[in-house]
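Dumping the structure here so I can ask a few things about it.
Chain naming follows the written order as A, B, C, D and E, and within any one chain the residues start at number 1.
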Amino acid sequence: MATITIPLVQRIRPRALTTASFLLPLLLWMLVSYVPGVWQPNVKITDPGDVAFFRQNMLIGKEQFALQTQLAIEGSSTPPSGIPANPIYLPAPHEVAIALYTSLTTPPLRRSEVWFYQSIWHSITIIFWGFLYSCLLGLPLGILCGAYRPVSQLAEPFIEFARYFPAPAFGALAVAILGIHDAPKIAIIFIGTFSQLVLVVANTTRRLDVRYLEAAQTLGAKKIRQLVQVVLPGILPDLYKDLRILLGWAWTYLIVAELIGTSSGITWFITQQARYKNFDMVFAALIILGVIGLLSDLLLERMGLRLFPWQEKRSGIS
Amino acid sequence: MATITIPLVQRIRPRALTTASFLLPLLLWMLVSYVPGVWQPNVKITDPGDVAFFRQNMLIGKEQFALQTQLAIEGSSTPPSGIPANPIYLPAPHEVAIALYTSLTTPPLRRSEVWFYQSIWHSITIIFWGFLYSCLLGLPLGILCGAYRPVSQLAEPFIEFARYFPAPAFGALAVAILGIHDAPKIAIIFIGTFSQLVLVVANTTRRLDVRYLEAAQTLGAKKIRQLVQVVLPGILPDLYKDLRILLGWAWTYLIVAELIGTSSGITWFITQQARYKNFDMVFAALIILGVIGLLSDLLLERMGLRLFPWQEKRSGIS
Amino acid sequence: MASVNSAAPVKTPAKLAFRNLGKTFMFQGAPKQALLGINAEIETGEFISIVGASGCGKSTLIRIAAGLERASEGGVYVEDNLVVQPGPDRGMVFQQFSLFPWLSVKENVMFGIQDQYPDKRLRGDAALDWVDKVGLAEFAGYYPNQLSGGMQQRVAIARALAPGPKVLLMDEPFAALDAQTRGRMQRHLLEIWRKLNITVVFITHDLEEAVLLADKIFVLAPNPGRLVATLPIEIPRVKDGLERDKYEPNFAAVLKDLSGLLVTSTDAHG
Amino acid sequence: MASVNSAAPVKTPAKLAFRNLGKTFMFQGAPKQALLGINAEIETGEFISIVGASGCGKSTLIRIAAGLERASEGGVYVEDNLVVQPGPDRGMVFQQFSLFPWLSVKENVMFGIQDQYPDKRLRGDAALDWVDKVGLAEFAGYYPNQLSGGMQQRVAIARALAPGPKVLLMDEPFAALDAQTRGRMQRHLLEIWRKLNITVVFITHDLEEAVLLADKIFVLAPNPGRLVATLPIEIPRVKDGLERDKYEPNFAAVLKDLSGLLVTSTDAHG
Amino acid sequence: KPLTIGYSDWPGWVAWEVGVEKGWFDEAGVEVAFEWFDYVASMDAYAAGQLDAVCMTNGDALVTGATARLSNMALINDFSNGNDMIVALPGITSVTQLKGKKVGVEIGFVGHLLLLKALEKAGLTEDDVDLVNVSTNETPMVLASGEVDAIVAWQPNSSLSLQMVPGATSIYSSANDPGLIYDTLAIAPESLNMRPVEWAKVFQVWYRIVEFINDPATQSEAIQIMAARVGVAPEAYAKLMQGTRFLDQAEAKEKFSATDDLTSLQGSSKIADAFNVKYKVYSDAQNTPDYINDSLYQ
């Protein structure tokens, strides 16, 4: 309720801070990419000189370049020349921007290929279904675990155990049972998120203030009503936050899932391009992933504010 | 405070339920593995008969086997014989038990090899360091985000964005910067857990009842004391639960991390054995992972009970 | 045949009985006796007040009666049935606010009368009735955290009364109310008590309030919580047969008696 | 040189001043006026009581004074400085329990006196002193959730008093206490008030309590919350110059006045 | 500072383990650190400048060089002689029969190149089949699911595919196109130039290993060491060896001649380069001689 903040902070608008939140990393990236001497551990050869194994446009370590230059000078042959450069793993912002544009506008090469935006959409549907199944099964189970001690004692120990299984280890089994297309991918997303979801939801449920349950009991609410009309609405805002976090988690499994069975989607694109060392493409794809995630999260946050009008506004330290 | 439960449930001891928690999946597994007709979609050839491409011990689909038998009979050649079997993806419990024993007791075959338990220990240290760094940076940042709105506005949007980056995409960059041994693996665990940790911790911090902060403010506590003496102890029990969940999460990144740089540890073992379709070994390793995780979690839970004596015991629906 | 009509008076069981009730909490590994050997019977339709020093176990006692806390020895009986869990036959107003924050004032009151009024419209109307009775008609759409402390407590009272419980357990329900509102609420309570013939157990710190309302006052003493006296109030209920008149000559005397009982009981141990 | 010694009496600023104070809450998109045009001055060392119907804005007023809530118009001034945030110069006892659940009773009290007593041992002793003053010496090691409601509130009072604030803001601090404990706490409060010469703003629903303790009573009326009367209490403080005697002839008359003020103020709008 | 060499799970490279295990590098007086990797990770580590040399195919050396770090293929371990296969479901016995069928292949990698070669020989083009993009490690499962008619893979996935799908056969393999895929030790040019003596010693050890493997008397011991490295039973591993053609020093030297066909590293690399450019793995054709260095064989 109280919203006391120090004057300085009040003057800085939230929007400015949010902008800074993205601007600062971008500036850092630009600093590292464009300002000489900040990092740039490599040299890009512009003229190999007399060094036998240098080639134009080759990237070589600073020390090696210095050594060869010295050797050339000592041996009175033409020293090489070059300009400082970053390793290919860290493309510069403008390169990534170009890659972003190219990747979105290049038509598919082959009959069996799709447009990039179609790959992205495909990835989104995989996440959607995997997470949906996870919620459909995990939410009720998690809530039951949190609400009923016996259910928790029965289900949680094994889930605790199973959550340490790495999801990719089930890839083969998933393909054997579910075929090679989307189903096994969805299954991996499911396996990766389900047990975590159950435990997180159970914890959240257990955090509900016991007074509400006591009140409901004295008002004659039977178990099922306590569950549906007290536990559920009582934890809903927190549950909603949990699910937003978990949805992000599901995305991190995508890169594993999309390599199972047939390769597809945006994260397969990432792996492929990383293998070709086209890191500008990789970064472009990362940015797309981040934007999709961020936008969906913002959307969910906006919706949350409308969904739970009774939530009090929280204040921070002052 | 209230602990009202229905009589039936009181009689079933928690320990019995916990045992059942593990026994039931085991029973299911045994049912599927040993009881004929439950699943067993394959046939293991004991005698190929006259079927040209059958080999002894080959696994073949039921229908194919039936078809070949029929063809052989029609063609008056010797029909094959075989016994029902599960696909190799699902080894039977005893096979896994043997694999478990073998893997742990086989001495290293090569000079440069280590015992299996040493690989496991190596994996544990990777997790330990990755998660430690994640906590060292993420906990303070998360708490600050939760406690100070401006910090949240500055840091959270970008973290929200960055958490959708799949950690493996940074493998090459990590190797370029950190070398090929443990450091890049630790970095991947860090990257995989850090942003989630910050967001989870920030959420938990925001859940702290504002009354405690208000009380502290009227008692003259400055910002730093509010943070250290109110926010921190106030969220500590919840934070502790969060970290237990997140530690499990860190484990799920191990399989990705251990493929970056040099191959090592238990998940390299899993991937390699899965590649060669030795699924008994894979399952054995999964069980080891589960046991390690479960034990460490139980330990942390026990410790938690001692750490937070003021926590009220919670009750469920009754 | 003869025995059927025999007029041997069948004693109806007490509405509420505390039988050798004891409660021990564990405190840092050592047991701490909060209640000890409480024995008392409360008849149907009686209005009981419980008074006693802070921390003497009043809330614990009423929570056991509600079925929210488990007795360590003995138990609480409703018409000879041991209380093992909460039920709608025993309404409860808590010492600390316990409204559902996600429901509006009206919806909070509607919660307890779902079975009586399956129809949502009718249920809403019935709830509004109760909201109006506690003087909050214009706040029906507010959420609890938008109300003052006293307003919240009034909603809690309306919520507890709405289902028409046979026993009403109230833990300092009027402590957060101003004198005027309190007077109004007291009268409401008595009207309902009379009309529905319910049994009321009412914890209060206000001795005047206890004497004003109760048929009988239980005096609890601390360390450990014991029932040291049961004081029947014989002063007639003059105002429509509901509350007593403070200015009645007997009133001050009874109040003094009660006060004395409390002082001696507390001083003996505290 | 001449002007230096000029004896023009410098008026010291009021300890606490409400200047044209207003507060508007947003309720479902529409503004709702909770406080309107409150103007009042409170001198150093004055004991003020605030009374008013449930929901009239008392808690809001005191929370603004504490710096926990922001005024919509005007503001609260402490010695002519606008209150913008909470501070240890203004101690607060909350209407709802606000002890730190992770600290024991003693540690809760120790929280506010960290700066006064850098030495932990001394700090503990000082805290124990206060815990003893509220009669909870034997509960010093308990955690809040192991205490009864009244006991918790006593700890909260000890905690607020310990740092020796110049202004003490109390929101119905004694509502959860039994008569005897309440009497004891009232006396403690007055002793401290006198000894430390602090300014007290004390919300209560118990008019008798208000008259017993206060130098001046502010009467608030609801819808919107306004200051409708300021009633100075002239009855002498007979008991060691602390609380007044209820049986003093004037007492009943003043109480009646106050009661009347409240009824008219509420009825006009409510 | 030791020479660091990255190697991974391919019989021709696992063979290095024999030298490590037997202590031959110490005997030769050269300090080397062999680092065991996942194949892709090993190329990443090389590209990141963390290794002096890495074991990779000639095609991948071009990819790594074109976009990240140039290397000199200075030693040929083997060429794939059947380990890369097109494995088809029962009933399909020739590449011609693939027309209109679904083929699981990792698009843009050596398997894809092999498939194109096979189709070309059968008078078909890529448009005559339906390509299903599958990562090579997934091929056995994908074939077993019955949803594709054939897959392209190398060891161990190719023989696992044969094992897991009863009746499946290899309808085409690198044995039909020996030299399409050369497996080499690709050394960073600066390292090769600055430390030629040490590399020469490594070179000596390699041919000691090849002799050891090719000698029937010691072959089983070699297989045992190699099997231990990858963590499978020696019997199982022996099968994988068959499709790997270890080249002795004389044979290898021959492959450094400059022909335009698959009989030389040069020719094979040119074909791979054309393939890479066509499939946009990189944009500019590479100057293949830059990638080949026969100094060790002189």
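Observations
We take it that contacts are C-beta pairs under 8 Å (C-beta built on N, C-alpha and C of every residue); 3 or more make two chains touch, one makes a residue touch a chain.
Since we're looking at a predicted model, the values are computed, not measured.
Counting hops only between chains that touch, chain D reaches chain E in a minimum of 2.
Set against the C-alpha centre of chain B, every other chain centre is closer than that of D. Distance from chain A peaks, on a Cα-centroid basis, for C. Mean C-alpha positions place chain C and chain E at a centre distance of 85 Å. Centroid to centroid, with C-alpha atoms defining each point, chain A and chain E lie 34 Å apart.
In whole angstrom, the spacing between the mean C-alpha positions of chain B and chain C is 52. The centroid of the Cα atoms in chain C and the matching centroid in chain D are 30 Å apart.
The multi-chain contact residues of chain A, meaning those touching 2 or more other chains, are 1-2, 4, 87, 89, 171-172, 176, 214, 217, 274, 277, 309, 312, 318. Looking at chain D, residues 28, 67-68, 85-86, 96 sit in touch with two or more other chains.
Residues of chain E in contact with two or more other chains: 44, 47-49, 137. On the chain A side of its complex with chain E, the touching residues are 52-55, 58-61, 64, 68, 87-89, 109-112, 171-172, 175-176, 179-181, 259-264, 268, 272, 274-278. In the complex of the two chains, the chain A residues touching chain C come out as 1, 211-212, 214-221, 225, 229-230, 233-234, 236, 308-310, 312. The residues of chain A lying in touch with chain B in their complex are 1-2, 4-5, 9, 12, 14, 17-18, 20-22, 24-25, 87, 89-90, 146-150, 153-158, 160-169, 171-173, 176, 192, 196, 199-200, 203, 206-207, 210, 213-214, 217, 223, 226-227, 231, 238, 241, 245, 248-249, 251-252, 254-256, 267, 270-271, 274, 277, 279, 282, 286, 289-294, 297, 312, 314-318.
On chain E, the positions that touch chain B within their shared complex are 4, 6, 9, 17, 20-21, 35-38, 41, 44-45, 47-51, 90, 137, 140, 156-157, 160, 163-164, 166-167, 225, 228-232, 236. Remark: chain C residues 25, 27-28, 51-59, 95-97, 135, 139, 141-142, 146-151, 154, 172, 175-182, 205-207, 259, 262-263, 266, 270 touch chain D in the complex.
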